[in-house]
C-alpha cells in the first residue's frame, strides 16, 4: 500500500483485510457460539430424554398417582413416591428453619460486628464448610452425629412427648438428622450471599440511623435488615435448591424407609436418596428404573422451580442495588460468590 | 471510604423519579414551628464549644487544634475548599467520625457543660441531642413517610397518640404537612429530592435535639428546594443551634450569623458573617472569599 | 445541660444481648467444621501409612482390607479428564458471552441456562449420562470416561460463571487499545484478554475441580464401583468418593476405619486445591 495515496472510494479495498485474514476471527466467534448452542441443546435433550424414560412409570400409575401415592413396594413393582416427596420437603424445611437464621446471623456478625482483624479468617472458616464434600458429611453424620445425638434426641422425645410428632423411639438415623446436616451444608452459601447483600447496604442509611441515636443493633434492625430482605430471601431459596437435591449425605443418615413418618426422629426417604440407593437393583427392571427416573424428573422440576424463583428474587434485590452503586458486574447473581462456595 | 469534603464534585443526582416540587403559589406552605413550643429566650439556648479538637484517619491528621464556639440559637456556617476538614469537624461533634474504621479524634467538644468525648458519656444518647442532616437526602427506603419521621422517636418508646402528634408537628414545622398529609403511609423515597430532605429534617427535629448539624444540606437540591431549606433554617434557629457546612459562599451569606473559614484542617478565621466576607482579617480568607482558589 | 445523658437500660441490654447472640450464632456455625476436621484427623490420619497408599482394596473378608491407591488414582484420572473437557468449554462459553454475545438476547438466554445448570442437583447429571450413554450402550457399560463427562457437566457452569466474572474485570481500555493498534479480535482475546485474566481463570477452574473431585452421586450411575487399579478410562474404576460411600456402612471396623482414612485424604486434596485457588486469586492482576 502506498503511503501517501489519498483514500477515496475506489481505494477503500486496500484497507480491508483479506478474507483469509478474517478467518480466525470468524472461527473463534462461530466456534464459541457453537459451544454455547451445544450447551443449550444438551439441556433440552436431557429434559426430553428424562420425560421419555419416566413415561413408563407415569403411564402405569398416572402422574398424580405416582407423585402423591404413598406406596413404594419394589418387590411387587408398585411405585408411588409420596414418601420421598415428603422426606425431601420436610428435610429441606428443617434445613431452612435451622440453617437460614444461623447463616444470616453469621453474615450480620461478620459484616457489622466482628473486629476487623478477625473478619477475614472467620469468613474463610465459614466458607470452608462448603469445601467438605457431601459424602464426608454423610460419613460424619452416620458415624459421629447419629450415635452422639441419640441420647439427647431420646430425652427430647420423652420430655416433650406431648407435642405432636415428637414422641417415639429413636433408632438412630432420622429425618431430623438429615435436616440438621442439610442445614450445615447450606449454611455457607446462604451466609455468603447474605454477606454480599448486607455489605451493599449504602452507608447513608446506616449513618441516618446512627445519627438519630440508635444502638448498633437498632441500626441493623432499622437500616440493614429491611434493605437486605429481598437479597437474603433469594439466598435462602438458593440454599433450599441445594438442600432439595442433596443426595449422598441424606442417604446415609435418613434411614431409607419409604414411609411417611409421624415422628421427627423417625426414618424416611428422599427423592434423591431413593434414586441413588435403589438404582443398583432397579436399573435392570424397566418399570423400576422408570419409577426411579420419574423421581429424578420430579426432583429436577422442583429444583428448577425453586432456583428460578430464587434468581428472580436475588435479581430484584440486585437491580435495586444497581441504582445505588451505578452498576457493577457480577454482583450477587454472578458466579463469584457461588463458585467460591461451590454451588 | 474517607468522606470527601468537596461534595460538589461528586455525583449529586438523587435517585428518585423525576418529580418537581408541588409548588403553586396557593399551595406554598411556610414552615410552622409554632407547635414546637416557644422559641428559646436569651440564655436558654445551647452552645457548642470545640476546644483543641484534633481528628485523624489512622496516622493522617485531618483536623489540627480546632478551637471554635458555636453560639446558641445562631446559625454558624463553616466554609472552605475541599479537603479543608469542614465535614470532619461536624462529624466530630456528634461523634460520627469514629464510625469509620480507623478514624479517631481527641480534644474537647462541649455541649453546654458536657464534654461529648468524656469517656463516661454514652455516644448513642448524645446523638439524640445533636441531630444531623446529610448532604444526600437519606430517608429510610423501606419506610413510609410517617415511619421515617417516627423512626427516632420509636427508639425511645414513644407510641400511639403521642407519637402521631409529634410526627404531625414535625411535618408542619418543616412545611411538608400540606403536601404529604394524605399520603403518610406512602414510601418516603417517593418524594422529590427537596421534599425528601425536608423529611429528613423533620425526622431529625422530631426527637427534639438541642443542636442541628447540617453537612451541605442543599447541595444535592434544585434551586427552589434549596430556597425552601434555607427558609426553614432561618426559622429553625429560633429553637436550635445550627451548624451548617457549605461550599456555597452565597448560601453562607444568606443563612448564617457567624462564619468560620477552614483550610487544610485548621481554623483560619471566624467572624460574624458580613465581617468575614467584606473585611476578612487573614489573607487566605480573603483569597478564598474572593474566589482566587477553591 | 450538666448531667450525662443515658439511653434506657432496656435498650442497652437488648443491644448487648443481640450482639452477643450474633456472635454466639457464628461460633455455633463453626462448631460442625471444627468437629468434622477434628474427627477426620483423629480417626482418619491414623490410617495413613505406606500400605494405605500403595495397595488397592482387596475385597477380602478377613485381614487387612487393603488401602486406597486405586481410589486416589481413579479420582485423579476421572477428574483430570473432566477438567480437560469442562475448563476449555466453560471458558469458551464465557468468552463468547463477554466478547461477542454481550447483552444480546441470545447471550442472555445462554447466561440463564448456565445459571440453571448450577442449580441442578449432581445426581441429575449422573442420571443424564446414564440415560444418554449407558442405556444406549454407547461405548460399553459403566466406564471411567462416562463419569468424567458427568462431572464435566457439573463443573462446566461453575467454570463458565466464574470465568465470565473474571473476563468482565479485564478493563475495556485494554481491549480497545489493542484493537486500535489494528489487532484482529481473536488476537486481542488470545494475546491480551486471556493472559490478563489468567489467574482469575485458574482460580475459578481450581474451585470447580475441587467441587468435582468430591462428588459421589454422578459417579454411581456412570462409573459404578470397583476395587482394582486401572489406568484405562474405558473400564470401571474406583474413586475416593465411591470408595468412602461403600465403606461407610460396612460392618467391619477395619473397613470403616479405611473410610475415615479415605475421607481425610479426600478433604486434604480438596483443601489444597482451595488454598492454591486462593493464592492464585491474590496474585491476580485484576481487581
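Labels for the chains are A, B and C, by order of writing; each one numbers its residues from 1.
One rule holds in what follows: contacts are C-beta pairs under 8 Å (C-beta built on N, C-alpha and C of every residue); 3 or more make two chains touch, one makes a residue touch a chain.
Everything numeric here is computed off the predicted structure, so don't read it as measured data.
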Study note, to complete from the structure: Averaging each chain's Cα atoms, the one nearest the global Cα mean turns out to be A
Check your understanding: Relative to subunit B, which chain has the most distant C-alpha mean position?
Key -> C
Check your understanding: CA centre of subunit A versus CA centre of subunit C: separation in Å?
Key -> 15
Practice item. Quick one: report the Å distance separating subunit A from subunit B, using the average Cα coordinate of each chain. Key: 47
Point to revise | Whole-Å gap separating subunit B and subunit C, where each centre is the average of the chain's CA atoms | key: 53
Check your understanding: On subunit A, where are the residues touching two or more other chains?
Key -> 213, 215, 218
Revision key, fill the gap. By the touch definition above, subunit C meets two or more other chains at residues 7, 11
Exercise for review: Specify, in ascending order, the residues of subunit B that touch 2 or more different other chains.
Suggested key: 124-126, 128, 155
Practice item. Please give the residue numbers of subunit A that touch subunit B in the complex, ascending. Key: 116, 202, 204-205, 207-215, 218, 222-223, 226-227, 229, 323-324, 326
Point to revise | Touching residues (chain side subunit B, partner subunit C) in the complex | key: 46, 111-114, 118, 120-122, 124-126, 128-129, 155-157, 210
Review point. In their complex, what parts of subunit C are in touch with subunit B?
Key: 1-8, 11
Check your understanding: Inside the complex, what are the residues of subunit C that reach subunit A?
Key -> 7, 11-12, 14-15, 18-19, 21-23, 25-26, 28-30, 32-33, 35-36, 39-40, 89, 92-93, 95-97, 99-101, 109-110, 113-124, 127-128, 130-132, 135, 153, 156, 158, 160-165, 168-169, 184-187, 189, 204, 207-208, 210-211, 213-217, 220-221, 241, 244-245, 248-249, 256, 259-260, 263, 266-267, 270-271, 274
Review point. Which residues of subunit B touch subunit A in their complex?
Key: 11, 15, 94, 96, 99, 101, 124-128, 131-132, 134, 136, 138-143, 151-152, 155, 200, 203-204, 207
